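Shown next, in structure tokens, is the structure this report addresses.
Which chain is which? They are A, B, C and D, in the order written, and residues in each are numbered from 1.
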Amino acid sequence: MTRFSTSQGFMGPFSHDGKASIAPYPPWHYAADFVTVECWVDPAAVEALLPPGLSLHPDERGLVTVSFVDWQACTDTGGELLDPVRAQYRECIVLASVQYEGKLMQYCPYIVVDQDTSLARGWALGYPKKIGSVWITRSMGVASVASPALEPGAIFAGTVAVKDRRIAEGHVKLTARADATAVTFGSRPIVALRHFPSMFEGHADQPAVFELVRLQAENAQAGPVWEGVANLNILDSPTELLSGLRPIRLGRGWRYSLAMTNRFNHLLRDLRELNQQDSIKGK
Amino acid sequence: MTRFSTSQGFMGPFSHDGKASIAPYPPWHYAADFVTVECWVDPAAVEALLPPGLSLHPDERGLVTVSFVDWQACTDTGGELLDPVRAQYRECIVLASVQYEGKLMQYCPYIVVDQDTSLARGWALGYPKKIGSVWITRSMGVASVASPALEPGAIFAGTVAVKDRRIAEGHVKLTARADATAVTFGSRPIVALRHFPSMFEGHADQPAVFELVRLQAENAQAGPVWEGVANLNILDSPTELLSGLRPIRLGRGWRYSLAMTNRFNHLLRDLRELNQQDSIKGK
Amino acid sequence: MTRFSTSQGFMGPFSHDGKASIAPYPPWHYAADFVTVECWVDPAAVEALLPPGLSLHPDERGLVTVSFVDWQACTDTGGELLDPVRAQYRECIVLASVQYEGKLMQYCPYIVVDQDTSLARGWALGYPKKIGSVWITRSMGVASVASPALEPGAIFAGTVAVKDRRIAEGHVKLTARADATAVTFGSRPIVALRHFPSMFEGHADQPAVFELVRLQAENAQAGPVWEGVANLNILDSPTELLSGLRPIRLGRGWRYSLAMTNRFNHLLRDLRELNQQDSIKGK
Amino acid sequence: MTRFSTSQGFMGPFSHDGKASIAPYPPWHYAADFVTVECWVDPAAVEALLPPGLSLHPDERGLVTVSFVDWQACTDTGGELLDPVRAQYRECIVLASVQYEGKLMQYCPYIVVDQDTSLARGWALGYPKKIGSVWITRSMGVASVASPALEPGAIFAGTVAVKDRRIAEGHVKLTARADATAVTFGSRPIVALRHFPSMFEGHADQPAVFELVRLQAENAQAGPVWEGVANLNILDSPTELLSGLRPIRLGRGWRYSLAMTNRFNHLLRDLRELNQQDSIKGK
């Protein structure tokens, strides 16, 4: 918690009780429903997005998961759940298989959420979040044509739009319970890029924060995982990088619920020095 | 389905395949999660809102339920579930106990939803819907401080805002499974007021449509109903009638899921003639 | 104003002071900035959208204007301007050249707005409005690269999205002041289709309201009209009829401001009887 | 511009052409319409919000301006104006009179915008922006009760809501052209607090970025400034610090347009070291 005068906050705005902050102080506890599509895209397109220290993993070159996620999150008190506009958000997250020092991890080059609280937490953690609109089919817990159950044949869809343009839509038609190879969130280490720009003249190429970090999601626990036949449609976009990650081949799809906690990051590499060296070489 | 030339639609816009309509043609199948607060308000305040033909029921004078509802809806094909922005909406619905010809029913004087498709269906059925913002605590199906389970002590909240103002917030703290007296949606007949104005000069007081109708929700089936301690806070508003329905006494709260289908209305009384008589009497 | 018990409203919700209504009682005064693209589309595509009584005008077969409009509206008191969320909305309106009894008019088969108050007024008047997202370049009244002035070379753009999909985007690059042939809003009579469905079993094809009406915009006054080179891009959509109205040829573009008042409609033809006859013929 | 591999961006997401970034690379050119209320609040409430290095200015203790602003912004190419969802946003900005090394400046403890691009630019510059909903009365350039002209008696209002709660509403009733003492945006130096948290265990009180900076708005040029009678209503909020800044006394109001450019910041003081010293002292 940053403190000065009689104000405090995890981030600004800073106020006497810290409640005005765009995001509360961690830990952040999460519960979520995931609809995930596994696919292979052009490995070179993934490689082009990787920060220093990361490279394609030989076993999973071009492997990407695109997940549409319904989140509910809160702090230790759970108080946000009484005012759910402060707890809930929807997300589309792209995770690419990479290696760091030979170890298989997932890196997030692109992610869209629909709430500023989540956006701010994401930046702090190293997720390059933007605001968009995400929708995900729900299972409502009653038998109805309007509510797919968690059973073979049920279809769960997700869509994502940014600045009034649909940029992706996917769905998973459940077939059976997944085996242990399902790539659920947190089943592999997540590596992220914390970045905050400098605003000083002449320092444009030298970010104030530029850290390769490993996220330390705690207690990540997925409920029963359903596997299914996956579909993913990436639409054209004049700006969004997702349009460069079109599936060459579709893999499996999954639908599951997950609980976890985020608290701290672990530093893998401070990239600022590296960046300055690059600058010196005359980019 | 209204048809002309080679166009059709349940409502406009009319197009060759009817898909451009603001709402699809019924039947409409729904699945929902309800958080409901039962309360008593000033009976006179309810009475002032009742159309001709309805009056307070002597057993439940001033009894009102305020429900915060997460809906997912579709037509027979279920196709909307593949593009869930067309299927999902959230709602705050106020239902007041009334009698029609001596029979206990519920009448809806006020309702807020967050999607135009639902708004249009509501106007067709007789619900005076407006667009607003509604949020409801969810149970995500995993154990987490961020996800209340359906068990004693769990709290489910709902909030509603119209035109950037919070107008109500409530919550239910679960205690036990409810008994058969729980006032779930559809457990009592719902009576509604279909209305559409005239726009002709001199006809301002003579609506084009002014029907007291009974809704024929089909196959309304509530899942397990949880009862709990209810709380409801109605906030000031310069425009919204909800601010005139503040609880004098709180009743029970409920949390449950529900499936149902809407298809037709049953006409109770055409109020147009009545209205003209009122006009004649010199209102 | 519909009145019953001690409640009233132009439309529902009905309350003691009428303020809870989704839209206030007319007259409605409007001020607007228009960005309009004139174009020709397949005449058959327009014809397919026309209700009984309207046909293509031989002089303007397939002529359509697509306008992106920034509106501010209020009632006589102007009170909405103190709470501008109740006064402002953005719109994309399609108007097709038609004839009624030999007279050149414009008919609106498709229109998108971003506020429920405008949606409700539109339905009452005969515009088949849906909720969407519309954006329009503004001239802010200061010299800046961020603010096009009303001068040759300035570009004004408009975009429209429905349910998270961009469906059209256009712009006008100003060249000079327009002459008197500019097709500004209200320069031709506007004919509309007031429609409200029946919800009674067996009456599905017999709308409760089905009126061909002429709008009586009062005091429509356009400020200086700029003409320019127009561009319009219609995007694919699985539902929206606009995707069937792609320009074969682009015409002129205009940018202007307008003031007007809406109060009443004039009935041209009650289409209910006609519709029943059609039904009898065995559609 | 941060660059790595073949990706780049002012901030993330990083892509080959930099267009996926949540905000484009500066310079950022802006045009705006301001509605500003000047008022005095409890000086201690302002003082409590000030970062190290700033204090109340003896001439303007507790003086605050609250502005509701309609912005249109773009980069050098102006390309965003063709897709105005990427150019436009609305803002409520609070600026408090402070001194830095004896010089009168304005500091921003609280600011709300409605677009993520603006949010990100703000965080980079040192504005503690959150997402909310802001509405501002417009002058549409035609004579109408629906469009106040820039003339005595005209009223311009602004409102701001965060997370579905209205938190402030104000308006200015124009009286005459303002004199040179009007506190327009940029007429005083703006001092800001750039902050980005650390996410490493044990470093919670040591932000990664914590800089007191002076903004270097270039070419700030206000058009004609109208002065008027101001009104401001601050509403209760469980979280937002604005509720602690209620006016003790209202000052003047202004309405004007402004153009400016943001490019760089000037560092006044790196507060990280200071913060660590505070930490050592055992806060």
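The rule we apply is simple: a contact is a pair of C-beta atoms (placed from the backbone, for glycine too) under 8 Å apart; a residue touches a chain by one contact, two chains touch by 3 or more.
Bear in mind the structure is a predicted one, so any value in this text is a computation, not a measurement.
Of all residue numbers used at the contact between chain A and chain B, over half are used by both chains, marking a mostly same-residue interface. Chain pairs B-C and B-D differ in how many C-beta pairs they share in contact, with the greater number at B-C.
Here the CA centre of chain B is 29 Å from the CA centre of chain C. Averaged Cα coordinates give chain A a centre that lies 36 Å from the centre of chain B. Note: centroid distance chain B to chain D, computed from Cα atoms, is 40 Å.
Among all residues of chain B, those that touch two or more other chains are 83, 85, 133, 135, 159, 164. In terms of which chains touch, the assembly is arranged so that all chains touch all other chains.
Taken together, the chain D residues at the contact with chain B in this complex read 133, 135, 159, 161, 164-166.
Of all the residues in chain D, the ones that touch chain A in their complex are 1-7, 10-16, 19-20, 22, 25, 47-52, 83, 85-86, 109-111, 115-116, 119, 123-126, 128-131, 163-164, 193-197, 199-201, 204-205, 207-210, 213, 238-241, 244, 263-267, 271, 275, 278, 283.
On the chain C side of its complex with chain D, the touching residues are 29-33, 70, 72-74, 76, 78, 81-85, 87-88, 133, 135-138, 140-148, 155, 157-159, 169, 171, 221-223, 257-259.
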